[in-house]
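Below: a set of structures, written as structure tokens.
In the two assemblies presented below, chain A is common to both, partnered first by chain B and then by chain C.
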Partner chain A sequence: MSSIIADILRSANSIVQGHLVTIREFFQKPVTEQYPDERLPRMEGYRGHPTLLVEPETGRPKCTACGACARACPNNAIELEGMKAEDGRRLPAKYRLDMTRCLVCNLCVEACPFDALAMSREYELVSWDREGLILDMPDLLRAGAKEQGLTYPLPVKAPVVEKEGEKA
Partner chain B sequence: MDWWPLLWSIIKALLIVVFVLANAFLIWVERKIAGRFQRRLGPMRVGRPHGWAQTFADLIKLLSKEDVVPGTAEKWLFLLAPIVAFLPALLVYMVIPFGPTWVVNDLNIGVIFISAVTSFSVLSFFMSGWGSNNKYSVMGAFRAAAQLMSYEVPLVLSMIAVVMLAGSLSLNDIVKAQSIPFVVLQPLGFLTFFIAAVAELNRTPFDLAEAESELVAGYNTEYSGMRWAFFFLSEYANTVSASAIMATLFFGGWRGFLLPLPPVVWFLIKTYIFVFIIMWVRWTLPRVRIDQLLNLGWKLLLPVALLNIAWTGLLGLVFKI
Partner chain C sequence: MTDTMHLNMGPQHPSTHGVLRLMVEVDGERILSAKPDIGYLHRCFEKTAEGLTYPQVLPYTDRTDYVAAMTNEFAYVLAAEKLLGLEVPARAQFIRVIMAELQRMANHLVWFGTFALDMAAVTPFLYAFRDREKILDLFERASGARLTYSYYRIGGVRKDIDAEFVRMAREFLDYFENQVLPEYHRLLTGNRIFELRTQGTGYISPEQVFAYGLSGPMARGSGVAWDIRKNEPYSSYDRFDFEMALATGGDNYARYTVRIKEMAESARIIRQALDGLPEGEVMGKVPRVLKPPAGEVYVRIEAPKGELGVFIVSDGSTKPYRLKWRAPSFSNLQVTEAATRGEKVADLVVTVGSIDVVLGEVDR
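On to the complex of A and B.
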């Protein structure tokens, strides 16, 4: 008999404890983040997709189309073609990054001998179709300029690419 | 012939229907409260601020859904069950005193009426469970019936103790008799009533007949659209009426204290405090097993309810209440 009563009291106690826990939570601030309206601060060192950095003086890509990044990429996500600018400097004519394949490993950035690549801090990579996830040079330059705190295209005279580049 | 009484009854009946339908806002309230208990925000998107229009969105969604009747169902049972569920939920309000004169029909057998009408809902569970011709539904229905046995007896016994104190079966007289709220005189009776009432409502921790994690949705598995909404609405209507009965029987109904508010305001405050507590219980406790519920009902609630009756008799003898 006394063990039954002890049992009942013990369960009653645990029920009361449970309710105290939930009511305490009730008056706490909710942790929900209202995504499109609010965003969480990104973690230090967060990595998004690779981007092409811009030369702040000329507004051209820093990239020299050497191809080291494409070779380093384990997934063949980078495809590029080079060309020569009027001043003899090599520039990429075409630079495509296939984000459906990229695994955000950072190997391309490490491979680049000209420090022309950097990982962005962008995490909103959404698209209605696969094509939307294939980033072309203007997309990459815009994202890269954003990482450098610039806006692309830069307000400098020298244009980035000319038409001859298409076949280079 | 004098038409006024008839007209007045119709108006009162309509007011009750409006009150019950207005309680559909509890759909939103419960989701908000559930969210807060889990440190979420709950619905936020439909209607600013705080998603107040969620109920309307839910109802429009349910109204626009197809009304599916399974091919092998017992058609009449299946179609009637939601209405049978909703009707007692409405009928209970007939005898509940919202204020000293604000009662549709102050039956002199109010307490008996309530216990008769509320246990009606099990009938609808059984109709829907059997009529659906689905094993999960019928298991839910069996559970509802087994459950009824275990909670109905302590429920009624704890109501009897209240009647003993008040000396009347009319709810309004019971309220008038409570110069001290009855919960002070018989706390055990109130606890028994509360637990049995939550079991009667089929809400967690006693939602065995629904038991999403075991029985899909129990007795209402096969229901969709507006028929399902009727089950849903009657659950909320029952929650409010059970809270109102608790407030009336044990907390002095429309009687106020300290603040000079109108009686109906006092009544609603007490009622919705109980609605909140029932939701609080729901979002705290896990579901019990059927044998645990039967054990609780027969081995704990029933003796305690009997003890409470003895205690009430003693009170009556000693203090001549």
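On to the complex of A and C.
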């Protein structure tokens, strides 16, 4: 009989102990974040989707359409075609990233020999339809320029050299 | 003699931890047999790997056991490095151990939460996810992602960890050891309802451990001292001082104590690794095109769920000829029927929970 009472007391105590833990939480700051009203700061180096970087001087993509990223991609998410610019430099004519296939694995960025790719810091990679997840060259350049602290398309610089001197 | 009833638990059932279907035959409340039916999440991972080059397989390994992506990568890169005969710098080895042990803690936190949730205790689930979030923050800081990290590389790791990471990791370990574990013990360990539900249910004998090829906490909960980190140290595990978490009960409660103890031991390993972190490169010398010689290799590591083995057959080309993934949850799931026969239906949920299955890994 006494062992039953002891057991009941022990059981009751264990539940009281558990409740004491939870009651303490009433007096603490809630850990929940009210997304989307509150947004947590992103960690440095957060990986969003791959983007194309631009040359700040010319506003052209740094990409030379060598295709190393497309070959490195495990899922063939990258499709590109090259062309020759007027000054002889190779540029991408078409660059398509299919985000429905992208694994966000960073292998394309590591494969790029010209450091023309970077991962964005976007995390709201959603769309109402599949077409919205297929990113073309302007989308990727816009996102890439944002990572560089620029806005794409870059304002066309005045071709006259003297203007540079006036500014300085 | 009453008629027996067939009961389908899953694949859409809140307590089957994913798309697992259990075909249960019951006599009243007693279980006569419980057969797992798997394959709902089969994604042809092993076959897909045959069409990919060695570095390209890596992001896919993240997606087998998505609760413990770091250790999957760990097993794969170790296998590929053994095949290629690559050296890994000491700093990268230590970083790999830190990440693997953090991942073990994160995995056991998910397990702890869902295990309690299977017994209708909602609070531990919320607490465990609150604390797991801090580990994910650490991973985000190091790798840039929160679930599928793609952080390990053949020959090292992708990015070095910085002083801020080390500070955050130490802060987390202090918080974990001084606040989280005592809180969990007060919340659940001594709880009488929890004890009644777990003690004596889902018994697995040491003989059954060997018969079913169980590993990890499933084996150690039955008193089988088998931890690959101890028995066959890989990477730099022989440099750390830690104890093997062991319990002899063989029931669900024993597996619970093993996992709780393992989290504390992981914290100890991480502290030692952070203290002894060597300077230097995090990436060894790796050829641009990885073309291993023909041959085969088997590497196993102690993943949070048990023995994770990777078997690669190379035919000398840039792609693996065959890749076999020995998934711990797949092997551990076999024991469901033997562990639950003759028990009550309500205990089936608890026992399946104690196995710690992730269907992404079972089906691959």
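The rule is short, and it goes like this: the second predicted complex is superposed on the first by the 155 of 168 C-alpha atoms of A that agree within 3 Å, B and C clash if a C-alpha of one lies under 4 Å from a C-alpha of the other, contacts with A are read in each partner's own complex, and residues count from 1 in each chain.
Following the convention adopted for this analysis, a residue touches a chain if its C-beta (ideal position, glycine included) is under 8 Å from a C-beta of that chain, and two chains touch if they have at least 3 such contacts.
Bear in mind the structure is a predicted one, so any value in this text is a computation, not a measurement.
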- request: Put chain B and chain C onto chain A via the superposition and say whether they clash or fit.
  value: fit
Statement: chain A contact check, chain B vs chain C, more residues touched by chain C
Query: Thinking of the overlay built on chain A, is A:G18 touched by chain B (first), by chain C (second), by both, or by neither?
result: both
Message: By the touch definition at the top of the document, which applies to A:V31: first (chain B), second (chain C), both, or neither?
response: both
Task: Considering only touches as defined above, state whether A:A72 meets chain B (first), chain C (second), both or neither.
output: second
Task: Considering only the touch criterion stated at the top, classify A:N106 as touching first (chain B), second (chain C), both, or neither.
output: second
Message: Just to confirm the value: shortest Cα separation between chain B and chain C in the superposed three-chain model, in whole Å.
response: 6
Query: Where on chain A do the contacts from chain B and from chain C line up?
result: 15, 18, 21-22, 31
Statement: Residue set of chain A touching chain C in the complex reads 7, 10-11, 14-15, 17-18, 20-22, 31, 43-47, 72-74, 103-107, 110, 119
Touching residues on chain B, where the partner in the complex is chain A: 33, 35-41, 44, 280-281, 283-285, 300
Task: In the complex, go through chain A and note every residue touching chain B.
output: 8, 15, 18-19, 21-23, 25-26, 28-32, 34
- prompt: Which residues of chain C touch chain A in their complex?
  reply: 52, 55-60, 123, 130, 133, 137, 140-141, 143-145, 148, 150, 158-159, 183, 186-188, 190-193
